Amino acid sequence: MTFTYKQKVLFKYCDPAGIVFFPRYFEMMNDCVEAFFDQIGHPFETLHKDGGVPTGKIEARFHAPSRHGDHLSLTLTGKRITRSTFDFTIVTTCDGAPRMTYAATLIFIDAHGKSTPWTDDLRAALTPYLNNEA
Amino acid sequence: MTFTYKQKVLFKYCDPAGIVFFPRYFEMMNDCVEAFFDQIGHPFETLHKDGGVPTGKIEARFHAPSRHGDHLSLTLTGKRITRSTFDFTIVTTCDGAPRMTYAATLIFIDAHGKSTPWTDDLRAALTPYLNNEA
Amino acid sequence: MTFTYKQKVLFKYCDPAGIVFFPRYFEMMNDCVEAFFDQIGHPFETLHKDGGVPTGKIEARFHAPSRHGDHLSLTLTGKRITRSTFDFTIVTTCDGAPRMTYAATLIFIDAHGKSTPWTDDLRAALTPYLNNEA
Amino acid sequence: MTFTYKQKVLFKYCDPAGIVFFPRYFEMMNDCVEAFFDQIGHPFETLHKDGGVPTGKIEARFHAPSRHGDHLSLTLTGKRITRSTFDFTIVTTCDGAPRMTYAATLIFIDAHGKSTPWTDDLRAALTPYLNNEA
């Protein structure tokens, strides 16, 4: 299973060159992950009450610029789950053409900021999205 | 030679967990690169009049969270220059302890968004910062 | 007629106190105005090709903090249209309770940044939203 | 007494029209206020440990656009202090020409988000900046 998130390129995301300013892309990535956790029944606003899922590692490639008004499609695919981490990719396309590929690792932490094992609930919610082929 | 940039962690950079929100780290990376181009005599506001240096590729690792009020030190080191790209790292520390390591590739583009060879001036300005050892 | 825009309070909008960081509210205001221009058939990505609608004046009051996960409702009402300006308000509520009230003036400008009369099309599109009572 | 803060218009502050995106101006206002509290010996990172100074009310006027590379000067002047609020203005100029004027009210709150009287220390620190003439 994968999770898809749609995002129009808004004015606020664009730089003086009229294309998405790259730090804003990372906001979109975070929004996509936040929407994904909504989808799997563990919204960020609940999850962050006594812990969190900070990002430990990122690899990103920008294939072509995205412009104001572009309709982007972000597809999140799980890659690996360990005791307390989740690796995933988000592939961003516009009309099927690649714009950005993003691979990142989330770390599940407790209220003290220490990595901690995924709860059974969270593990069960994340697992269906694992897809090593994609 | 390396280039060092200081940044206090401001209120605006922090998330509800009181630590730097990771997309904001990428803003700091961009600010550091912008300050570096100032330093080498090619400020972004001039460079972007008829071209630019978009980021093509990023690898980032977050070693420890940064908190509001932390005094960060960002050190930029060039790694490789090709016909139209520049690879570099930025190592972010606080009191000597690593917070984030960042490796990225800039692409020199012309006013039409096509990659184009560095001008002799730019190449000469970037070269002293190349340091394959660091 | 009024225009309503829904926005969940995302993680990225919140500060270390766990409430919306006020500059992020202004991003939401801009997103609402951008969605409004979509709605009336003059999307920002078209409008900004040879002009724009910068904001000349703002008054904002924050009535109560908004928290991560809150579902906000933003209602835009036109107040006055002149030769080249548009006054409007956006009232932001959560479950009917006021969070922020915003009054602003947009200025229609040409490609040189000079204020210019609204086109007949734009004037006709904006006029139905004028409501001096609200 | 007044407090002056310098800010170059960075790439990240600019929109596709090449001018400061107005929500980014409010970030600069927040940065200026944060630097002001540093200056008076009550840094935000300390102040926010068990309270804060959220903004209750804002009036802003944009007089002329600011462009990438502009060197802005922000001057903060206190206008009025009450039991738990502080009114101030920030006038932003570039080479002496006005760009933005900002008037806002801060509210001193405790750890529960309730407005609370300024401590004697804070009141003593803010008072020298009151200037009803400016």
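The first chain written gets the first letter, and so on, giving A, B, C and D; residue counts start at 1 in each chain.
The rule is short, and it goes like this: a residue touches a chain if its C-beta (ideal position, glycine included) is under 8 Å from a C-beta of that chain, and two chains touch if they have at least 3 such contacts.
Values in this document were obtained by computation on a predicted structure and should not be read as measured data.
Engineer: Given a C-alpha superposition of chain A onto chain D, how large is the rotation in degrees, taken in steps of 5?
Structural biologist: Value: 180 degrees, nearest 5.
Engineer: Consider the two chain pairs A-B and B-D; indicate the one with the greater count of contacting C-beta pairs.
Structural biologist: Answer to which pair has more contacts is A-B.
Engineer: Between chain B and chain C, what distance separates the C-alpha centroids? Give it in angstrom.
Structural biologist: Roughly 34 Å separates the two chain centres.
Engineer: Quick one: report the Å distance separating chain B from chain D, using the average Cα coordinate of each chain.
Structural biologist: Chain centres of chain B and chain D, defined by C-alpha means, are spaced 28 Å apart.
Engineer: Give, as an integer number of Å, the spacing between the C-alpha centres of chain B and chain A.
Structural biologist: Centre separation, chain A to chain B: 23 Å.
Engineer: Considering chain B alone, which of its residues make contact with at least two other chains?
Structural biologist: Touching at least two other chains: 11-12, 16-17, 21, 23, 27, 30, 48, 68.
Engineer: Note which residues of chain C are touching chain A in the complex, please.
Structural biologist: Result: residues 9-12, 27, 30-31, 34, 43-46, 48, 67-69 of chain C touch chain A.
Engineer: Within the complex, which stretch of chain D touches chain C?
Structural biologist: Residues 16-17, 19, 21-24, 26-27, 29-30, 48, 52, 54-62, 65, 113.
Engineer: Okay, in this complex, where on chain A does chain D touch?
Structural biologist: 11-12, 14-18, 21, 23, 68
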